[in-house]
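Chain naming follows the written order as A, B, C, D and E, and within any one chain the residues start at number 1.
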């Protein structure tokens, strides 16, 4: 459960998997600012986290990688506030570091024989990928429509596809290089955060949300490639 | 009256845990039925996408079961009949795919049969063949996770089968192949059937390794479980409807198989 | 040699079978021996179900097993018709299919007809469609016999092929078997516990005791001149080991026996038929030179005849009529005298 | 020389598919070993998080296997020994959890044992107990997916076991319970062992149902497969290192179990 | 009644067993019958392994099975010591544990000592640590017998308990069994194919043929006055069905036989011992009033005695000495005359 006494308290934060590194750093700073507080982080796919929150999982703060997913939580009455957008993320092209297909721009994705992975249109990253390609006026037939961005990234890292459409913040491993997409073409995604209504420690949770949305939070997020809302 | 005279009566110390087991397995299925969007079911059942995924699922799971049978039964026979194959390493090798989380299984399959894999690399360089993202890759992924069930079940049955019947066949002049075909196989037929059902069921439900190794493209590699997963985030009720399709189709197949399956099991 | 010649040294657990066996083609060799003496082991080794540890198995010049030459012909190439002691019918096949199995495996012509013919001969044709689990013990045994014979073997190995048969069927099957075996040109080994089977069916006898051959020879020789107590008991006779000098044999237990042949000297075996012994309440007077005080241990009454076990020395089995049993008032514990005429017993040199 | 004289020789028509099967199962594992970040392995093996997840995985998978044994073996006995439980519906019920994609299994478990579920609802209302997101929930999820393997294996073995031995025991005055304990159980011990290994392996690798039903909280519900999944996007090499931990631990357990397991299998 | 009384109507597949059986406490009843006549089915029904379809099983006043009263006592509460025809030893237990199984299940005191004692009595104590798979056929049978006896049963049901025993062991086991059964106060049913077992061990005999009782009575009665050819063959005699008038019996096959008892009238059974028949090359002259021309069908030679099957009418089994066999030059197909003295044969009214 969320709290365990007056001095010692544990704050449970469920956050989208793409926030893993940034939130880990933020949590450490938050703990330093609030002695006696431990932040327990629970990362996962936004929608399964949302499902858990709605089902009564012992969570104090929920950060979603998708506006739509957050809306379901708000509609279910599980959020304590209106869940503001706190950061954004935009599309880029991930290629294996060797880049054997010699891709240099988004237009190259349409070349014959180029294997492209993208998310399924039903999920946020897929919708964003589709929109990006539309904006660029490029027609691509992907070899797979994956359920989440980490699967796409995995394929790029393993060299099984020549390119994958992912978020800027996903380009973190050495095996993967990015081919930037012009800002006016790349679609962006909104991240939302809320205090969970059932949380027994509303104050502490509120402090964490404010901390993330505040200057320190935004600065840390920016170092990982996130944009400002 | 006859009820009282039956020689078999069911002792309570078996019935109590047995009923607990049934409740334990049955309640979730019942729960699924209760939250199911029955209204969506019919359109869902007949939607092009669902049918496509269902067809793909049936084709690949049956092919995977076939593949598992063709190479798995001989492996089981060797494991129970020869010293070399009976060693702990073969046994561990057969059991390990069971413990691998399916996604990691997919990673392992890529490492073996992917474009840069130890077998897939040469295949790509020399023949230009790429397995991932093809329907064949789905079959391979399903066979990889399903085969151990078949092998372990059949191996166990062979170990407890009476080898002396095989000796009797040999004294009647039956070649090894005849003995295998006309004595060994029929004797363990019930276990082969049971193992095949286990393997088929596992292949039909397979998700993680397929996704990682074969991808998820409608009509090519998106089997029913992948379609369910794809829908789970966004259209939960559609996902549940698809799950029901899977459950109902399997139930129909299992119940209609039953006659033959049980016939094999009878001694 | 035409037939089987085998030197076998083979182990099963602690048990070791170490025998030399010869079985002529066209002849029937009965294998007798107490339970656990290695009869089944012998047959399985000959059939190729177990390789010998040392030795050599040869049939009509063809080597079947010889570790020294690295030869081992597997069971399926030996053409041995083995009837297992516990039948081992295939549970998943009908009776008909069980019997057809051999002919089919060997590619013999008309397997179905062959099977039907053998089922007919063994009088179980009406069970052809049954599964083995729906057979009685004796029916299963007949089917097992039919299955082995239908495979047209070069050598027949029958492990108690008639133990489960009822007495009258056994007479018929024995007759059928004798007819078939007479036509059969290969060697036949017949394990049996019924001395009558051995006497009626077999030309030769091999006796196994504790994994070794304790006696072998023609049926007549072995029947008339048992070499061990086991064989004597089997043939229903009493056997004494003794040293003979001038028509008098001194047994290992101290008793002396007058024997017919005065020329016999040295280690001898004395055989006394139970019918040749007379029991008396008082010490008999008369010509019988062998008289021993004995105590009754056991009386077994058959229809009109009793078999009386007496403890001496010597320990003897005595056959008496129902009338004498009544007259003597035979009962365990009674003290009596037993007498046997020297001319009515048999003595011959020990040959081992 | 003795090699030539062995009565068992391995016919090629079994060796060829057998070796194919071994290659098929072995290549992916080999691939995994090749791409493994061996440098990371030792720190990973001893990291607090990995140890915690490993401990949790072992505890929950063993508990789930225990649960499956306690209620699953009686169910298998009933299925093979009584008319009612032998019906097609029980059989279908036992097989269906196999086909459910694990994630849907998790949804079904929530529908049954969640706070609003058909059994979980009353439990919450009356006793204030919530199953989801607890370690017990992990055990339940694992038992749900693993039990069918055990039940089907044991049921198959019971069907081909010789019932006449049970009759023999009854004529010697053994009560049903004694017959069960001293004859039936020992006779099918090899199959129970095989089924338990299958179930344990399945429980150890279980991922989808656990994630959905129990969540993924370190130390409480984050088993090794969940930790692997969590690491997969960020630190792929860490994920593979964790998979290796899982594979190695299972291999060690399986190989050390082997002696006893095979002893049970010997007749 | 003190003992077993059973009216049984039960089916297995097409086979129907429909018998009334009475077995007195303290007496041994031998169950004889051809293969497949229902002996095993009878024993299993009595043991409670199969409920009767109709009828009633009662032992010393206690109802074990009666559908009309909805009573069915299951096997584990019947205390019947059943020895199965195929032993059915528990493969996962040692010999010792197999024999201890009954005493332990029943909570008898000192199960280990009991088991050891019985293994000792049946002379297999040295095999105590073995698994059944490492036993020879006869060893397994003795262990099965020990297992049933160690459970201290109220009723003993022995299904060919000695079929796999070698001849000399059989004599010992028979003796041991006789001693034990004499102390045993309950009824014993003993299925056997060996008429000697029946004669030596049994007080009463029940003969089953095709699922029905064809004859029953004391061993002596049945032995002396067989009612069917099956029983006669079993006892080694020839049996003819005939109608008697004034000392002359006319058989169903047309032959006439002079019989000793002139007062006998109506349907009779004529029994002729094989030893009472003499074979001649030419029509015999002399006092024998029964002379038939016959053809030799088969000659079985034992040690010093041959059994000759001749086809008449009547068809007969004839015992001749080895000497006569030689003198007559007996061979199948030969035409001979058979004679039998009227005084040397037995005739009695048919009783059914």
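Please note the rule applied: a contact is a pair of C-beta atoms (placed from the backbone, for glycine too) under 8 Å apart; a residue touches a chain by one contact, two chains touch by 3 or more.
Not measured: the values here are computed from a predicted model.
When the partners of subunit B are compared with those of subunit E, the chains appearing in both lists are C, D. Path length between subunit A and subunit D in the touching-chain graph (shortest route): 1.
In this assembly, A is the chain whose CA centroid lies farthest from the centroid of subunit C.
One simple way to say how far apart two chains are is to compare their mean CA positions; for subunit A and subunit C this gives 88 Å.
A straight line joining the Cα centres of subunit B and subunit D is 14 Å long. Subunit C and subunit D have CA centres that are 55 Å apart. Residue positions of subunit B with contacts to 2 or more other chains are 107, 110, 176, 229, 232, 267. Residue positions of subunit A touching 2 or more other chains: 48, 154. In subunit E, the residues that reach two or more other chains under the touch definition are 48-49, 74-75.
Here subunit C touches subunit B in the complex through residues 47-49, 74-82, 84, 88, 90-93, 101-102, 105-106, 133, 147-148, 151, going by the rule given at the top.
Taken together, the subunit E residues at the contact with subunit C in this complex read 12-13, 32-37, 39-40, 85-86, 134-139, 142, 160, 163-171, 174-175, 178, 193-196, 199-200, 220, 223-224, 230, 233-235, 298, 300-303, 309. Residues 164-165, 167-176, 178-179, 182-183, 186-187, 189, 267 of subunit B are the ones that touch subunit C when the two sit in their complex. Within the complex formed with subunit D, the residues of subunit A that make contact are 12, 17-18, 20-21, 40, 42-44, 48, 51-52, 55-58, 149-150, 153-154, 157, 170, 172-173, 175. Across the complex, subunit A meets subunit B through its residues 45-48, 69, 115, 117, 120, 122-123, 142-147, 151, 154-155, 158-160.
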